[in-house]
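Below are structures written as structure tokens.
In the two assemblies presented below, chain A is common to both, partnered first by chain B and then by chain C.
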Partner chain A sequence: MNSRIIEFLKATVGAAQVTNELIDLISHSTDASGFRHRPEVVVYATTTEQVSAILKMVHEERIPLTPRGAGTNVSGEAVPIKGGIVLDLSRMDQILEISLEDRVVVVQPGVIYADLNHQLAPLGFAFPPDPSSGKVATLGGNVATNAGGVRASKYGVTKDYVRGLQVVLPGGQVMRTGTRTMKSSSGFNLTQLFVGSEGTLGVITEITLKIAPKPTETYTAMATFQRLVDAGRAVSQIMRSGAVPSVLEIVEKNCIKAINQNTDLNLPEVEAVLLTETDGFVKEEALFQMNKIIETLRANGALEVRWAETAAEAEALWSARKSSYPVISRLNNTTFGEDITVPLSKVPDMLKALEELGAKYDLILPTVGHLGDGNMHPHFSYDRTNPDEVQRVKKAEKELYHKTIELGGTLSGEHGIGLAKAPFMSLEHDPVAMETMRALKKMFDPHNVLNPGKMNLEACHG
Partner chain B sequence: MVEKLPGSRDFYDRIIRCNNCGFCEAACPIFKATRRSALNARGKMIILQDILADRQAICDELIETLFQCTFCSGCTTQCPAGVNVPEILRAVRKDMVNIGTCHAAFKGMDQVLDKHPNIYAAGERERFGRKVNQKAEIVFFMGCVGQYREEDAVEAALDVMDHLRVDYTLIEEVCCSGVLEDIGFAIHDDLVRKNVALVRSTGAKALVTGCPYCLRTFKHRAPYQPLRDLGLELLHISQFLTQFDFPVQTHLKVTYHDPCDLARHAGIYEAPRQTIKKIAPNFVELPNRRANSLCCGAGGGVRGAYPRNSLSMARQRLKEVEEVGADILLTECHSCVHNLSNARLRRQKFEIYTTSQFIRRLLEGQALVAANKAP
Partner chain C sequence: MNSRIIEFLKATVGAAQVTNELIDLISHSTDASGFRHRPEVVVYATTTEQVSAILKMVHEERIPLTPRGAGTNVSGEAVPIKGGIVLDLSRMDQILEISLEDRVVVVQPGVIYADLNHQLAPLGFAFPPDPSSGKVATLGGNVATNAGGVRASKYGVTKDYVRGLQVVLPGGQVMRTGTRTMKSSSGFNLTQLFVGSEGTLGVITEITLKIAPKPTETYTAMATFQRLVDAGRAVSQIMRSGAVPSVLEIVEKNCIKAINQNTDLNLPEVEAVLLTETDGFVKEEALFQMNKIIETLRANGALEVRWAETAAEAEALWSARKSSYPVISRLNNTTFGEDITVPLSKVPDMLKALEELGAKYDLILPTVGHLGDGNMHPHFSYDRTNPDEVQRVKKAEKELYHKTIELGGTLSGEHGIGLAKAPFMSLEHDPVAMETMRALKKMFDPHNVLNPGKMNLEACHG
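After this line comes the complex of A and B, so read on.
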């Protein structure tokens, strides 16, 4: 990068917030994906004005720029695959306003998810999406990936809470979208266009989020199933019954086996364990829902149903689910968590397909899933120094995506597309939809400077 | 894979197991104080992965992060993949030192211990007017920080032991030199031999120390096997004190900082709390505590080599003390007490002590600055 540009950046944000030291370039060359490419310079912005000046410059100079929060996404979304600048927003980390009256908070994009909830908890409120990376991921990253979590079936995902944004566009124009009201029918919904846009359309510099009162009562239950199909059917029946679980998670046999081999939890060696939670503001409310769910679990072949009333008992039931990721990540030197999502009624078919896929490619696919919303995380666990195994994983992954789309599902429930799933975009989105996305990209970013190379949006730029 | 780091070969598999998830940022004191991801455990692992994959040569520019780590193991407790970053760095640093890429301050520490019996190259030996190299039930090992930077903490421990009529002796101790293994060098055998011989000649049944790092070195590092072979009990002062009751209590709000070396590394969480709760019924916990304790920033040679960041880390820990509104912060490590005291801002009115220092003050009935807050 030429020194004129570096000087401009230093003059814009201050010399201490610009670095081309080797260690910073390396640490910004990747995220939680396997993709790597080093930027030429890393810039930490702290104000909207700085972001605006920088986006004006990159637009004019045609320099690629990749926005970054905490770099926890798993699909290469924050990897500067075309080099250039990484714009790190993690130091733009102020909570600007908490308004319980309006039920909104206004935050800068670098605020860490857990830090916001730490402030809200004593007030009895929360920003509910709860991604499991919440201790480190930023709210800007959450918005740009439309992050979700285990309570999505009841509380929704990030997009359900974003009321308004301040966004800087390539060229430097600053735009406000949405409102701080609970509803709005005024004009196009520009806000949602940026939710899940993975930093390809604009840089988010301020976020207005709806917050929700935090339920105070919960019940937790765990059920075991000898047959996977029974577990799948139980889930479908729970959803049909009108019950409202706040959590409905599955841990399947490969995962259970791995947990038993690597911990002393001693889970029953069954095909599936379902974990469910109900919540409310009075015990009766949570209990009413839990009774309904337990009845359905029993009617659908659950072997054993255990439930917890105290926090300590609940903790014990959660341990199987909570230990699954650490256990899976230790099975081999490489773990890749898929994020496919299918219609609720297709959950049993997907579980069956995963089993077949594992057998066909001689891979184990330990799986956990947010079954209340059809989102499943089968994990490819393999040795990346073994080329044969890598090839089998690649083939299985491709087949997995095809199967998902065939069942009417989506490539990603909450992680996003980035580089990893870019080649499969047109599997899910028809040509008209792809063209529309590319046209939007071209309109916002005519010179393709903002996070280029992602989501297969490139075609229109030649 | 290229054999770039020959001595770290045992760790190759563990280095590539880091999936770059970034969860370690939640606990890494250096990252939290600087918000510079290159300094976090993940930043270090990405570099090592690049070296192993032949994308990066080892060079001096990498020192800034590979030699800047407090060895607190906060990252290890957060890591879903079970990657033990300090253990990996210890091996990598040895390799780097071997090829001549090392932090000047750390090289200096190794050289100091070639010539001097303590890490500060101090001439005068502090004896605190106590008996030295005598026969006794217990050897009290002061440690370099205790002897030359936090003398009062050592003296307080000795005063408390006097009050308890414990039969102990000091020895003409030399630096345990354990820290050298963290910074790319090796424990000095001559220092080990000296310490072991001195301990042996006292005939003591137990060695008690206020320095959790010395304790770890004695208990776990290979060169100290001869010390362990003496069969004496190796205790931290906080463990030793649990057997006693003290005729004092305070109404002040007291909190406790878990030192990494005592807590995460040695698993000693309860002992200090047991004593503190006896003398301070109004005890409150810090938000990050026990296995999730937040490092004070002093360890791994960072206080010497990167003093600014070290102080920022201590300041961020002290913010938590403000948050819980404590009058007194107790801790059980000379390095922690030293760094935290240096970092305290004028507006922060709480006082910082080791438990022994606080017990002594209570025993002496000294008026505490914040005593007027007591009911």
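After this line comes the complex of A and C, so read on.
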């Protein structure tokens, strides 16, 4: 990067907010995915004006720029694969306003998910999506990837809560989208064009989020299944019954085994454990829903159903689910968590397909998932120094995506496309849709400076 | 319209589905707004292929085309203001699929809102948005205008239920957007670009909608207020309290007067009546919410609170609200219902502003509204043969929009922009947002053939 650019960046944000120290470049070269590419410089912006000046400059100078929050992305969205500048927004971390009357909060993109809910909880409100990375992930990243979580089946995902944005476009123009009101039918929905766009169309500098009253009553239960597909069928039937679970999670046998090897939780060695929660503002509502769910679990072959009688017991049930990620990542030197999502009726088929895929390619696929919304995270856990195993993983992954689409599913429920799934975009999206996405990218970012290389958007950029 | 075009249309859809009889041209020249312009020909399409062929032709021949459902629009969205073709989709009226397991329905755009819910109700499910025009309005129109209704405060609006679309673009390309899954983070949100776009970007030929379990328990109550602003403050405070009303409607004094003059409902002649409902799957939940609401109503100056003890009593309370539109439209020879929406905290200010506006311009502004989401429908009811009164209405309307935006509101909560509010778009949307909307229009519809003249999108079209 030439020194004129570095000087411009220092003049714009202050010298202390610009770094090209090796350690900073390395720490900004990757995210929670396996992808890695070093940027030439890292810039911390703290105001919209700074972001605007920087985006104007990169647009004019044709310099790649990758926006970044906490870097908890698992699909490579925050990896500066074309080098250039990483624009780190984690220092734009102010909660600007909490308005219970308007049921909104206004935040900067660097605010941590959990910090917002920590402020809201004593007020009886919440921002309900609950990503696993919530203790460290930023809200800007949540919005840019349309993050989900364990409560999506009842409460939806990030997009369902974004009422408005302030966005800086390549070129530096600052735009407000959406409204602070509960509803609006005024003009195109520009807000949702940026939600889930992975920083490829603009940089989000302010977010207006809807908040919701926080239910006060919860029931938690766990069910074990001897057969994986029975667990899947139980989930489909629960959703069909009209029951409203707030949580409906699966932990599958390879994952159970890993948990038992690495913890003293001593889970029953069955093919699947389902963890479910219901909630409400009165006990009767949460109980009604839980009874309906348990009836369906029993009718679909649950071996054992265990209720949590106390908060401590509920916490114990959650431990199994929460321990999954750390124990899975200890299984081998490389782990990649998939994020496929299928229609609810296809959950049993997908679980069966995962078993078959593991057998076919001699791989274990420890799986957890938010089954109440059809979202599964099978993990490829393998030895990346073994070329044969790497090949088998690659083949299995491709087959997994084909199967997902064949079942009417989507490549990503909540992690986004980034680099990891970019080559597979056209499996899911038809040629007209792909062409439309590329045309949108070109319209907003004609010189392809903003997070280039992501989402397979580049066929149009000569 | 030259005969070659007419012949092409007849060859495409069949001669019986093409008409330029005067009576058909007149009936397709307007909608439920006051706007009126005659098309040259009306075409009924029944398949996506027909729509594609027609859109390809109009794109090539530069002929204006306005898509239309039931024509219940109140902002002029379905008025063919540039003449040309009206593409009537009301005969694409098949419910293609109801899947309780996947919690979706797949419908053609001409399906009537109420017909869908009529099918879903015995199954224990619903498509919750509840537009007043639901007995006749089509789902295609609901999606194209992002229609709301009386339950938006708890259940959201149409956009919150659209999972995927099949859309035909100008030029004839057919595109699928979105997924059938409960969630997805795969690519740009093309679906929401079409929701609320009023038929200016593409023609919707198939809709995948999320459905939700239908609550079985309901409580209904009514409260009277001597002062309008107190009613507004009560609403703000209810939402602030974390209560979850499923309905929270206002009927204001000018409207009450009109109802009493035209019906034998004999409402108390107060400044405002609030009608509220709560719901749930168990009585205790609905009751808990209702108690919380009533406590807040009493703390904010409600004169009288009346509970409906039976379904018949609830129906009686609803009669007042439901009779509003017919009685308002009988007040004078011209009625225009506004659709302004403000943040919940500004509801009292907006109600006060409406009183002042009426006094200043010597107009009555009978008002109803979905106050639980800040959406108010003040009605200009006037004599269009009186030039002075027409002038006063125009001035008052302009001032109303300015006040709405000043309070952080939006021009339209649920009716859309169409022709009625097109001149005021830039009051609400900043220059970069306006430029972006126009660029989107130009990208999708370079020859401006699709529903031209709406939403103030034309500054870019030479």
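The criterion applied here is as follows: the second predicted complex is superposed on the first by the 462 of 462 C-alpha atoms of A that agree within 3 Å, B and C clash if a C-alpha of one lies under 4 Å from a C-alpha of the other, contacts with A are read in each partner's own complex, and residues count from 1 in each chain.
As a working rule, a residue touches a chain if its C-beta (ideal position, glycine included) is under 8 Å from a C-beta of that chain, and two chains touch if they have at least 3 such contacts.
What you see is a predicted model; the values in this text were computed from it and never measured.
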Is A:E21 contacted by the first partner chain B, the second partner chain C, both or neither? first
For A:V244 in the superposed arrangement: first (chain B), second (chain C), both or neither? second
Using the superposition on chain A described above, determine whether A:T341 touches chain B (first), chain C (second), both, or neither. second
Go through the superposed model and pick first if A:N2 touches only chain B, second if only chain C, both, or neither. neither
Thinking of the overlay built on chain A, is A:N291 touched by chain B (first), by chain C (second), by both, or by neither? neither
Contacts for A:A32 in the overlay, against chain B (first) and chain C (second): which applies, first, second, both or neither? first
In the overlay, answer first, second, both or neither for which of chain B and chain C A:T47 touches. neither
In the three-chain superposition, say which chain, chain B or chain C, touches more residues of chain A. C
In the superposed arrangement, does A:S236 touch chain B (first), chain C (second), both or neither? second
Doubly contacted chain A residues - partners chain C and chain B: none
Per the touch rule, the chain A residues reaching chain B in their complex are 21-24, 26-33, 36, 44, 70-72, 88, 90-91, 93, 114, 133, 135-136, 325-326, 329-330, 333-335, 384-385
Residues of chain C that touch chain A when the two form their complex: 99-104, 124-125, 145-148, 152-153, 156-157, 159-160, 169, 173-177, 179-190, 192-193, 195-197, 201, 213-214, 236-237, 239-240, 242-244, 280-285, 288-289, 339, 341-345, 372-375, 408-417, 421, 425, 428-430, 432-433, 436-437, 439-440, 443, 455
Under the touch definition given earlier, write down the residues of chain B that touch chain A in their complex. 1, 13, 16-17, 19-23, 25-26, 35-40, 42-43, 46-47, 50, 55-56, 59, 61-62, 64-65, 78, 80-82
